[in-house]
Every structure is written in structure tokens, then in C-alpha cells.
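Quick heads-up: structures coming right below.
Two complexes, one shared chain (chain A), two partners (chain B, chain C).
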Partner chain A sequence: MAYIGTPTSRVDGTAKVTGTAKYAGDAAAPGLAYGAVVTSTIPKGRIAKIDAGAALRVAGVLDVLSHENRPRMARRTAAYKDDVAPEQGSPFRPLYDDKILFSGQPIALVLAEEWEIARFAATLVRVEYDVAPFVTDLHVERERAFAVEQPHKPRGDADNAHAAAAVRHEAEYFIPIEHHNPIELYASTVLWQGDGKLTVYDKTQGVQNVGNYLCAVFNLKPVELRVLSPFMGGGFGSGLRPQYQVTLAVLAARALERPVRLVLTRQQMYALCYRPATIERLVLGAERGGTLDSVGHEAIAVTSQYEDFARNDTGWSGQLYKSRHAKYVHRLARVDLPTPSDMRAPGATTGVYGLECAMDELAVALKLDPVELRLRCYSDRDQHEDIPYTSKKLRECYRQGAAVFGWDRRNREPRSMRDGSELVGWGMASGVWEALQMDTAVRIVLGANGHAEISCAFSDIGTGTYTIVAQVAADLLGLPLEAVTVQLGDSTLPQAPVEGGSWTAASVSHAIAKTADEIRKELWRLAKAMPNSPLAASRLDDIALADGRIIDKKDGGRGVPMADAMRHGRRDRLACESTNTVKEDTSHARNTHSAIFAEVKVDEELGVIRVTRVVSAVAAGRILNTKTARSQIMGGVVGGIGMALHEETLVDHTLGRMMNANIAEYHVPVNADVHDIEVIFVDEPDDLVNPLGIKGVGEIGIVGVAAAVANAVYHATGKRVRDLPITVDKLLR
Partner chain B sequence: MIDFQYTRAADIADAVRQIAGDPAAKFIAGGTNLIDLMKENVERPSRLIDISRLPLREIEETPAGGLRIGALVPNSDLAHHPLVAERYPLLASAILAGASAQLRNMASTGGNLLQRTRCYYFYDTATPCNKRAPGSGCAARYGLNRMHAILGSSDACIATHPSDMCVALAALEAKVHVAGPGGERVIAFADFHRLPGDTPERDTNLRVDEIITAVELPARSFAAHYSYLKIRDRLSYAFALVAVAAALEFDRDAIKEVRLALGGVAHKPWRDVSVEAAMRGAPASRASFARAAEAMLRDARGFAHNAFKIELARRAIVRALTQAAAGTPQSQSVKKIR
Partner chain C sequence: MARKFRKRPSGPTIPAPAKIPVSLTVNGAAREIVVAPWVTLLDALREHLGLTGTKKGCDHGQCGACTVLLDGRRINSCMTFAVMQDGAKVTTVEGLARDGTLHPVQQAFIDHDAFQCGACTSGQICSAIGLIAEGRAKTVEEIRELMSGNICRCGAYPNIVAAIRQAMERERS
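Moving on to the complex of A and B:
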């Protein structure tokens, strides 16, 4: 294959760096009106009064919408349930009624001829509230947290095994609320065409999910609505569910009967969704020889008052290492904040942080090298179901990662390694995620000019989907990469789920494979029908597409150009669309794995931490594009450094309000915080996970990174900080 | 953001005339802070008087052997100006410790003096804040106060001044030249910024009808022994938890002159001349630096989240003085602490 597995540069790179790639807030239309959102200043209660008089008197203001005067929206809460909404609960309905469910909730929408006018008028809307008692602090609400069902069942008798264990470790690890902070602001532009049809440019990871949602909320027929999200400036999970700006933009377009653009401010985006604050309680029981007897993992996370958001935090602990006894509990604490959401490797990022720090502490207690402990607890079979993996090269991740990092030169004693005034710490952790695949459809249109167009509704959220689609299609159709164009992010294109879970690469690639196979059959039929066809006697099984030709692999590459076959068959174009349906197969576990090694240098006196080196060795099946995949892993490592050292949404629990809702005060790593990151893709051939051996790399890059950094900080300083982020004050405490 | 008028000042006299005639107006130069605050509805000027075209972009040597820096000199130009980089490296270093390259390109010298606190509550009009809305209360006092003051705060306000440049200017004993309806006057840097007291809404002693025209540096520049050490929550582009400007001159092994100013700990760059006086004549030893640090922080007082700053400041003072004494100032590009 010419393209699969190569470091192909992004096919949309030029469009992005030259500004020709248009984002949701870029769409324009004559007569565009602009919206500005007014948000609640209290976390709970009801709106007693909205006075929009002063706003309405501003020249250029078209209308001010609120629950009192908005156009009709669905009453049934079920209509607001999108594809990825939590099963339990009723989704938030913007401008629906006078109830305040969280601080920063949209309560009015000012519409004006110009954006500046809308924004000014929004400051003039006067709101009176009846305030109700509220709570936003997980630590206050944890006692009232309730257990929710978890995907994985306990095994053995973890409590008794723990009590009897020779070596025990118990601790709580805390992850604060974190926000996705994609660089692109949430935006929607609704084009009003006057024929009752709406075209919606929306920042979303799932155009069909948004389309279905809008149809249900506004009682539209699918043909009356088209949702586009051709490019996205980062999502990290924040765009999986329809966000309120799209609901309000459609509401406004219907109210005004004209096109409307609504762009949220950075500050407003903090009230969309977030990674939930979570307490991870780990209870490990081990033999002195360094094998685990029992694993207990309890997670306590926040959720909103109106939906139960829970992910698999705890199950990784019973899966990743061999232990006879395992027990999991996941509890939710209701707080007066918006519903949390998926954020890069949801559940695993938080749960594995706890597990991998706990394993590090256990290694210290056992006086074992942390890699050695993990090798002694290594499991070649999935512990939940006692089934084999389709592939699991985690051992190889440990080996290659450690070798590149130079782990064998590590002195196990904390505070034993120095570089001048700095303490040096080396820490490591494992990572794990799922290799998922979803039903997906792809259309291929092959022209007689040798050009193919591939289309699918999936969004490219910046990960490189356009590029891998072009690579896979070029290889399977036997065309040069330049002869393939790709259309994504349009709800009218063939069906795809939301872009998430690391399932896009495998899902879309196999849909391409299936559709390309139909193109191959068509071309073979046409080729056979040609006069004096060299393929007259060929069998379909032997036919391949290569270099723009239909060839017989068995017969020395004998074949005919595709263009000739199509011309003889009088076909300008071949168009095929098919859906690749994924059959459930529970005979094997499907996972990606990683081993992360981190070096920190810590100024002993001042507690300033520098992450000077990270090596991430990843086993994720076949890597379609080593360049974009490497970027994914590097981005995950940077996210993990941020989680370990910087990121925290500060909530004033007296006001029930997020207070650092901007990217000056919400810290993510900047260039100075990121040094050498080395990515290793461990060779992991896998023809069981799926025919092309693709597992996906979107999430695995972040899992375990925060633990590796935290473990390195412990190794450097001898101080174990379990509450993230690890800041100067905690280190000096 | 509110609706506002925009005018240009033809010259300094016109700028003063315009602002005297409209006390709710604001001057705008780089706009790196003012525009943010306007977007958040914190600043609501009736008018922006654009002073960016005024001839205040020169850096000139003064007869007294110092430098006169025009109020509109961008922070980056100032930091990289040869006379500043060579003779006042403490100032250059402090500037480069702040913000980002892009912000420093826009931000002006005068504007840097007038930037407002980064207190979360000041920025959020949904919350009480005596600095933004006098009399509404201080939410930081019993709220999120990890970034807040440990020195010189009042019941009304515990905010800090966010500037790095001003910490160096305080240490260097700069003077602020201002023009008003009554003519020009000069304000000593120590008198320019205020402690919050009962009027936290007033950050400085600049009158509403005055404009900063220049900042003057005296001849004494401490180029041989200085350091600007900033401790923050990431290695760049974050406001100081604690920052220290340290400058020393020696007479043989004894300290002849010393300057010590702290950032991130008070409503203004924090200096204590009695501490500096006590250091004169002492040896440049860890013990004397520790004594100075102790004295600097003798009145420090922490709140729920920021008490750590007291010990952090103590250690940072010792470290910065050690760096300055050794002639190995903290690098702002290499983030390892020397």
C-alpha cells in the first residue's frame, strides 16, 4: 500500500493555514443577524423578571428572546435527548422556562443587525431572580453520592482478600473540574432560505446527531434541515452533544425569519460542559512478591441535578492487571452545575490516573521497580471476561519505552537523583483505552477521469480524518492521493456516528473498504466486457485496483486502465454507497495500550516543576498515518502534562460559579512547559480486531500521562501530591 | 461591551483637554488590558481617547545619566532597547517575564503602569467587588484567594497588582512624569500606586485628568548584580504568585546599596526601605538574605488559599538575592531556576 502507514501531510493543511477552510462562525449570508447570549448570574432558582426594555430601545436591536416570548420548542424532554445524552435524566432545554439550573445558563438571546450592537444590548437586559439554596462542592456532596450501575462486574471477594493481603495500599486521588478549551469558539450560523429549509453551520463533532436533535426540538422533517461542520478548531469531546448555541441560533432564525449567527464567548463556553471533578479511591492488596490479590476502585464524581453522567472510571483497574479479586463502585454527587461531558478518554483519564499512582505507591511499599511491578501483574487475558485480547503489546511498550527513556539508569530511591539545584524524578505509568468501531456508511464516486470523491458524515475535529480517508481510499482504489477528494461533516452525507471514542479511523476505513470493494466489482465487470479484454478469464478474487488500473494479481499484473473500462462501458462515473455494519464479537477484548515515561526537574527550594522529557510508547494496531497519529499522541501528552500540573476550573462554592473562565486564568501548558516528547508506535499487527487492524489513537495519548508526571514528581521530591494539579503550594505544604 | 465614542488626541494638551472634559473617558494606547475589561463590561468608558499617535515613543538619555522612556514605548521595544538591555537589565528581565511576546508588542509603558488586577471577582460583574463596584463587598476575602495579597491589603480589597515591569521600576526608583490641566508633575514610583485602604477603586494617584508622558530611570542601574525571579503556575504566560526584583551594589564584600521589590503579593509593587537600610553594610550571605526576607514579610498575612505565598516569598527573596549577588541573574528564556 502506497499511503497507509506513511507520514502523509494533512490534505486540508493548506486550506487551514491559508484561511480558506471555513468554520461554523465563518458562514455568511445576506441579511445576517447576530445574537448575543445573556447568562444567569446565580446557580439555582428561578427568573422572577426579565426586563429587556432598555435593550430593545437600542437602535439595531431586532428582538430579545427569552422563555417568555420564544417561538415554539418541543415540550417533551425526550425530544432533547441526543445520541450521546446520558440515559438517565432530562437534558437541559435552553430558554425553555424560568428555572435556573446552573450559573452561566443562557436566559435570554439578544438579536441585532450587528454583533457589537447585540453584545452591547445584552449588557442592558435586567434580570431579577428568586435564589434557591445550592451546592457545587463535590467534597460537601460526596456523603450523599449515589451508586450507579457500572459496565464491569466484580469478581471474587475483594474485601476479604484485601483484609488478608500481605501488603496494602489505600488512597484517594482527586481530579478537579477541567475544561476542554478548544481554541475555536462554539458557533452556529443558520441560513434561512425562505422555503422553510434550514442550513446550519455548527461547531459539532456529530452533524447527524445535531440534525436529529434539531428535528425533534423544532418538529422539522429531515429534508428540511442540513447541518454542516466541515472543519473544527478542536473538540476533545465538548462537541459530542448539541450545544445550546445551535438551539438558540435556530430558534432565532425561526423567530426573525432570517439568517442568524451566534458565537459564544470564551467565558460562556465554560458553562457548556466539562470533565467532572472526581475522587478516585484505590484499594490495592498484594503479595510480598509483587502480585496483586485484590483491586478495589471507587469513583465519586459530580453530575448535574438533571442528568446522570457517568463513565467507566473503575473497570480499568480490574482489567489492566491480573488480580483474582476486584470490586468497583461508581457514585455520583449531584451539584448545581451543568452536566459534565466526555473529555478526551473520559473515565480512563481520571480512573487510570488514580490506578497508576496507586500502583506507583504499591511499588514503593514493595520496594520494587514500578515497571517490574507491572510486569509481575501483567495479564495476557482480559480480566473481566477471561477472554484473550485481539492483540496486546503492552509488554513491548514497557520494553521499548524504558529502553528509549533510559529507565535502567533510574535510582529507585526518591530524592536520589539531582541536576545541580534541581531534583530529578523519573516516573512511569500505563495507559489503556478501547478499540471501538461503529456502523458507518461511505459513498464513493469514481469519475472516468480517474478522480474519486469520498463522502461520509463524520466530522474531522482536527485529528486528521480528511487525510486518513484520502490515504485509505487512494490505496484501496489504486489511485494517487491527489486524485482523491474527501467530503466530511455534512448531515446529508452517508451515515456516521459522532466523532469520538477513537472509533473514527477504524469505522470510516472499513466503510471505505466495503464501498471500494463494490467499485472494484463494478470495474471488473466493465473490464471483462471490453473487447479482447485481458481480464476476460479473470476471477473477481484475483482482481485488484492499482496505479489507476484493474489488474489480475495472479497474472503478472495483467490488466486495463480504469478509464478505458469505464469508457467502453459508457460510464462517466461509478457511484457506490454502502454501510459497514459491525458485528458484535465478545470472543476477544479490544484495547489499545501505552507506557509513558516522564522526567521532571524540580527546584527543591521553590517547588517549580519542569517536565523535561516524556516518552510515550503506544500499541494501537495499525497506524494509518504516522505523522497525524504522532501529533495525536503528542497532543495527548501535552493534555496530560496540563492535567498533572496546570489545569483546574476554580469554582467559588459560595457563589456557585466558575471563576477562572478564560484561558489567561485557566492554565493549560504553554510552549515553555512542553519539552521533548518522543512517541513510539509499537508494532502491533492485529487481524482480529478488524480486517485492516486499526484501533484508533485519539484517546490513548492522554491516558496515564498525568500519573507518570505525578509519579516522577514523587520520585524527585519524596512528596506524594494526590490532588491535581500539582502546584507550588501543594509541593511546599 | 458598551457603546462608546472614539476620538483621537492631536497632542498632549489636547489629550488632557479631552479627558478633563469627559471624566468617564479613558485613554487607549495598546489596549491589551482595557479592551479585555470592556468586553467583560468591567470598564465602561464613555469615550476612548486614542493617544497612540502622540510623540511619546522615544527613549532618551537624561542629563542626570538616566533614561527617559516615552509613555508609548511598547514593552517589547523597551526590553530590547540596547540602552535598557545593557544598563537596566533588571527592567528588561522583568518585562520579558510578563505576558507573551504578542502582548508585549502591543502594551505601552504607561499602560503597563495602569493595568488592573487579575482578581477573578474584579473581572466578573456577577460577583461583588469593591474595586469594580465600591461598597458591593469583597468576594475574594472569603472566596478564591490563592492569587491574592499577603501584604498591605485592607478589609475592602485583597487584590494584587499584576505587573512585572512595575516591580523592577519600583526597585530602580523610577519617576513617573505626568501632564494635567495645571501642567506637568513628577511622581516618585513608590507614590504612584496605592494600597487599597477604603478606596480600592483607585489603583494609582494619577488624577482622572492627567496623562502619563514618560517614565524616568535614575542613573543607578544595578547592571552587575540583579535578578528578577518570578514564580507562577506555569513556566510562562501566567501572573506571578510571587515575584522578586533584587538589585545589589557592593563595596568590597559588603552590601553598599540594595533594592528589593516584590510582585504578586500586594496592591502595589512592595518595597520596604527600612529592610534595604538594614542590609547595607552586611555581607552578601544567605544569613543576611534570610534576615531581609524575614523582615520584608514580618507583617504578611495569609488568607484561606494564599498563606503559602509567605514562605514562597521568603525563599524567593533569598534566591533572587543570591542570584543577584553571584551575578547569575534568572534567565527569562531558560526556565530552570538558577
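Moving on to the complex of A and C:
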């Protein structure tokens, strides 16, 4: 393998550093009209009246669409149910009727010849409402929260075991609403082609999901619609479901019968989706010797009034560590906000934050080193199903992470380490995520000139999919990287699910492997048919593709150039497409793991916290590209620092409105907030998880980071802040 | 064009502001546009000059994605109107490479994988070139501080700093 496992630079790097990579809001079209959205200022009720009179009198305004006058859209809520929609509930239908479900809901769309005109006219639209009573506060609504079904079964008798435990820890941890805030604004450019066909450039993590959704909502045939997202300026989960700007942009293009661009404002994006505010209640019971005996985990999260969004927050607690007794419950509290969404390792980021802070507190109670506690509870088997892992090198993560960090120099006593006027704290945590794989199809077209084109509908949301596809294809086809081009993010390409859940690398790589194998067979047949073929007596099993040649693995010198075989067979191209389907296998657990070590320095008088050092040791099977994978883990660590110290969407519960809907008041980490981050990939060979041993690295980078930082803050200061983010006021309170 | 879905009400037309000619030198080429005073430099570049390499991330000067070089200095192009810059020289990410050779900062960004999604990258690169020209940042801490107007939500900061250091060293040698 010449490319798999190497630090190959991004194949789309030049396009991104020269500004030629085209994103959803970049597509050009003659006669483009522009949209501006008017949003509701109340969280619940009805639109009593929309007065668009003044807006319509503005020179250059083309139309103002609302529920009163929009073109036809599907009535059935099922038509709005995309691949990622929660099972329970009815999706929001933008501009459908007069009902207001959340503050910031789109209620009118102003269309104009120029964007500035649309935006100005949108300010002139007058709306009157009938306001209904509403709720937005999780801490008030938790009393009315209802339990949702989760796959994880309790074991033993956690309540009695906890009551009898020698050492107990019980606490609540809180994660506020967080927003993804990708830098690219949500945008759609819809090209109207005159024959009723639409080409939609959309900011999305799933072009086929958006395509199917639009076909259902607008009663279009698949051939009438093409959705493109060749580049996406960050998603972090916010682009898994179709967002309302694409619905509105298509509505507008159909209304005006001309191309339309609709770009949301940063403020409007806060009403798309978010990580749900969640209370994580942990109840741990241990034996005095320092082994875990019982785990109880209850999560209470917000959801909307119209959909039940829930992820696995609690199951990690019963899976990760050995404990005889475990019980879980996940509750949802309905609030008058939009439906929450997946955001960077959904469920694990929040649930493991609670678990890993609780484990730290238990280690303090047991007077144990936190790594030592985790080693004592270490399990080589998935504790839910009592099955082995395909691989689990978490022990090695602890060992290598601790060694690189210098953990053995830690003084366990809080407030015991200093650097001048700053208190120094060292904290750690574990991380866990799933190694998933989805059915995916890939097409390979190999030319007699030795050039291969690989295509698949997956999007590259910045994770490096273009690059790993090129690497895997180049290796499996025996071609140089430069001879491979990759097409992604087009709904007309071979089938792929949304890009998320860390399943893209494994899914697309095995689809490439399957299709490349078809190409290999085809080339072998052509090679055998050549006159005096050196491969005439060869068996398919012995045939490999390498250096542009079809070779006999047993005798590397024996072979023929692919170009010759194709020429003799009068084939100027070989085209294969095949789908790799994933068989369910419950014999083993499939997970990635990590150990995170963090150093903070806290100004004793001011309470200002700096995360000066993070070491993240990750076990995630085969790493396809050590350069881009490192960047993904690093990005997860930065996201975790934000979660620990900065990020919080503040809701004014008397107005039912998000107050800090911009990137100046919603704090995300900036360059000066981030110091040294070291990423270690622990060697984890795994031929059980899948043939290529790929587990995926998108999510694992963030899981556990906020806990490691919070635990370091405790170690530095002796103060335990369980409500995120850990801000100066909470620390000095 | 007739409105299909909502009739224009009676009453006087509310005019859009009159358009004004603006001359800019963009990436070395003289460009003339006629835009209303409310068009930002960012939107002029993207929507009137077809230079979509410069990105809009907030439109409020909070994220730095729209950073361009204006007469050699880095500026958030969403925070200035095109008409205010009549006669100015603007360099965008599209104007940095010379004869197919990437600018050292562009190359360093690829070498160090200083981006993932690419949405902040044009702004980071223009900001880094501005930073290097300012000559104020000598240490890693100063680079971090003086690059903090450019948010990277993918979290590539350590790689961005490494890329800038590489470009600075190449410049010195």
C-alpha cells in the first residue's frame, strides 16, 4: 500500500487555498434572484396578519412569499420526513401554515433583484401574532420530562447495589444548548433550467437525503432534480437534515421561474438546530478497594414540541467500565424551540462528559489516581451484551497518552501544582464512539490511459473524504495518486448515506474495494485473453494490480500493463459500479476509544482558565491518512475546549428567544485559546471490524475532552464546576 | 416582471438607493462596477465581480472569513462599503498565486493541513499575509493573538500557526 496510512496532503487542498472550491452560495447564474427570510419574533402562537405592502413597493422586489400565497407544497407531514428525522413526531414544514413553533421560524420570504434590496424590504414586512403560552427552560420542564425507549438493558439491581456501596458518588452535570456554527452560512442556489428541472447547490451533509426530501415535498421526479454539494464549509451535524433555506429556495425558484440564491444570516442559523441542553445525572457505587460496582445514568434533554430527538447519552456508562449493576433512563422535556440535532458525537459528547467527570470525583473519593481507577474498571468485553470487541486498545491509549503527557509527575492533591501566579491542573478522561459502516455504492471508470475516476454521492464536509477516496482507490487499482480523480457530493452519483457518525471512511473505502475488485477481474480476463499472455495460466486469487500492471502476486515480475490488456481487448474504458452492503453482525462490539490528558493554568485571582496542553491518544483501527485524521482529532479537541470553557447559547425564557445568536456573543475558541495539542494514534490492527480494519475518526476526537478539561480545572483549583461552560463567574462564586 | 403570487399594492414606489460607479484594482486588474452605496466590499467581490473565493461567515466583522488585503493591509471586507474604497487596490485569495505557483502561505497551509472545510481558509490566508507584512508577530503567542480575528470552527489553529511560522521562516531566509 503506497498511500493508505500515509500523511498525504489533501487532494482538494489547492482548490481550497486558491478560492476555486465552489460552495453552495458560490454558484453563478444569469438572472439570479435573491431571497431574504423574515422570521418570527414570538416562540409560539399564530400569525394573525402579514402586511407585505411596503416591502412590495420597494423597487426591485419581485415577490413576497408566505403561507398565504406560496406555491403548492406537500400537505402530508410524512413527505417532510428525511432520512435523519426522528422516528417520533412531525417535521417542521417551512412556510406551510400560520402556526408558530419557535422563535426565529421563517414566516415570509422576500425575493428581489438584488440581495440588499431583499434584505431591506424584509425589514418592512409587518407581522401581527396571536401569542400562546410557551416554555423554554429545561430546568423548569424536567418535572414533566418523559422517558424514551433505549436499546440498552439494565443489569443486576443498581438501586440496591448503590445503597449498599462502600463509596458512592452522585451528582448532576449540565450541558447547555450549543450551536454548531460552521463558518459557511447556510445557503442554497437553485438553478432554474426552463424545462422545470432544477439544479440545487445546497449546503448539506447528504445530497441524496436532500434530493429525496425535495422530491417528496414538491412532488418532483428524481430526474427533475439534481442536488450538488461538492464542498461544504463545515457541518458538525447541522447539515444532516435538509435545512429550511433549501425548501424556501426551491419554492422561490418555482414561484419566480428563475434561479434563486438564498443565504441565511448567522443569526437565522441559530433557529435551525442545536445540541440539546442536557442534564446528566450520574450515580456511581464502588467497593472500597476501588472497583466499580453500580452505575446509574439518567439524562434529561430538551426536545421540540413536534419531534422527539434523542441520542444515546446513557449507554456509554454501562458499556465502558466493568460493573455488575447498571441502569439507565433517557428523558425528554418538551420546549418551544426548534428540534435539536446531532452535533459532533451526539449523545457521547454529553453523556461521557457526565460519566468521566463522575469517575474523576469517584477517584477523588477513593483516593485513587484517575487513570488507576479506570484501569481497575477496565473491561475487554462490551458490558451491555457481554461480547468481545473487534479490538479495544484503550489500555494502550492510557499508557501512551500518560507517558507523552508526563502524567506520572502529577501530584494528586488539588491546588498543589503552580506556575508563577497560575494554578496548574492536570485532568484526564476516556472517550468512546461507535465504529459504524453503511451501505454505499461506488463507480470506477478506468481509462486505457491509466486514469481512474471514482464517484460516490458522499459529501466531503471538510473531513478529507476526497483525499482518502483517492488514496484507497490508487492503492487498490495500483495507480499513482495523480492518476485518480474523485467526484463527490452529487445526488446523481452512486448511492451514499449522509456524511456523519464517523462511518464515511469505512463505508466508502469498502465500496471502493468491492468495485476495484470488479475492475481487477475484468482486467484479469482481458490479460488472459492476450496472445502469449504471461498470465494465461494464472488464477484470479493470485492477481493483483500494482504500478499500472496486472501482476501475479506469486511472481511479481510476471504481468502485463493494464493499458496493453485494455488495448488488446479493444476497451478504451472499463466502468464498474457496485454497492457494498453491510451485514449485521452482533457477535462483537465495534468501538473507537481515546484517552485525553489536559493541562490547564488558572489565574488564581482572576479565575481565567487557559488550556495549555492536551494529549489525545486514540485507538481507531487503521488510520487511512495520518495527516487529515490528526486534523480531525485536533478539531475535536478544540471543539471540546469550547464546550468546556466557552460555548453556551443563552435563552431568554421570558421571550422564548436565543439571546446570543452571533459569533461574538456565542463564544467559540479562537486561535489564542488553543495551545499545544498532541495527537497519538495507537496501533490497533483489526480484521474483524471490516476487511480493511477502518473504524473512522470524525467523532472520537471530541468525546471526553470537556471532562478532561473540567477535571483539570478541579485539580488546579479544588473547585468542581459541573455546569458547562466553566466560566470565571462560576469558578469564583 | 409580473408578480404571480402577491399583487403590488397601490402607493408610491420606495426607491432603492441610486447606484454609483466604483473603480477598483482587483488582483492587479482594473475593474469598474456600478453599485448602490449599501453594497459591502465583500458582496461587491462575490456577487458583482464573481470572486467567490472570499467567504461570508457572519457579515458582522466577527469571524474574519471575508478578510482581504486592501492596499496591502488585512481588512474584513464585510465591514466596509465598496463605494468607500473607490480607487483602492484589493487582493483576494484568487490573486495570490503567481504563474501557477502558490503563494508561500498558500503552500504552507497545504503542507501543514491548516484547514478542513475551507470556509475560513481564504480569510486565514489573507490575514496571515497581512500579519507577516505588519511584522509585529515574532513569537507563537503573538501569532495566535494576532490571528484571533479569524475563526476556524474545524479547529485547525495549531496547524494554522505552524503554517504561518513556515511561511515566515521562508520569507526570512
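Just a few scattered comments:
Just so it is clear, the second predicted complex is superposed on the first by the 732 of 733 C-alpha atoms of A that agree within 3 Å, B and C clash if a C-alpha of one lies under 4 Å from a C-alpha of the other, contacts with A are read in each partner's own complex, and residues count from 1 in each chain.
Assume a contact is a pair of C-beta atoms (placed from the backbone, for glycine too) under 8 Å apart; a residue touches a chain by one contact, two chains touch by 3 or more.
Note that the structure is predicted; figures quoted are calculated from it, not measured.
With both structures placed on the common chain, the touch criterion links A:R610 to chain B but leaves chain C unconnected. Touched residues of chain A, counted separately for chain B and chain C, are more numerous for C.
In the superposition on chain A, contact is made by A:R733 with chain B only, not with chain C. In the superposition on chain A, A:T18 makes contact with chain C only, while chain B stays out of contact range. Contacts of A:E116 after superposition: both chain B and chain C are touched. Once the two complexes are laid over each other on the shared chain, residue contacts for A:G636 go to chain C alone; chain B is not touched. Applying the stated contact rule after C-alpha superposition, one finds that A:N671 touches each of chain B and chain C.
When the shared chain is aligned, no partner comes close enough to touch A:A537: not chain B, not chain C.
Comparing which residues of chain A touch chain B with which touch chain C, the overlap comprises 58, 116, 120, 265, 662, 664, 669-673.
On the chain A side of its complex with chain B, the touching residues are 41, 58, 103, 116, 119-120, 123, 265, 267, 421-422, 601, 603, 605-608, 610, 645-646, 650, 652, 654-655, 657, 659-660, 662, 664-665, 667, 669-673, 727-729, 732-733.
On the side of chain B, the complex with chain A involves touching residues 1-3, 39-41, 118, 120-121, 123-124, 126-127, 139, 142-144, 146, 231, 233-239, 241, 305, 308, 311-312, 315-316, 319, 335-338. Contact residues of chain A toward chain C in the complex are 9-10, 12-23, 25-26, 28, 52-54, 56-60, 62-65, 69-71, 114-117, 120, 124, 180-185, 231-236, 255-256, 263, 265-266, 461-464, 627-628, 630-632, 634-639, 662-664, 668-677. Only residues 1, 3-9, 11-16, 36, 38-39, 43, 46-47, 50-60, 62-63, 65, 92-94, 96-97, 102, 106-107, 109-111, 113, 115-122, 125, 141, 143-145, 147-161 of chain C touch chain A when the two sit together in their complex.
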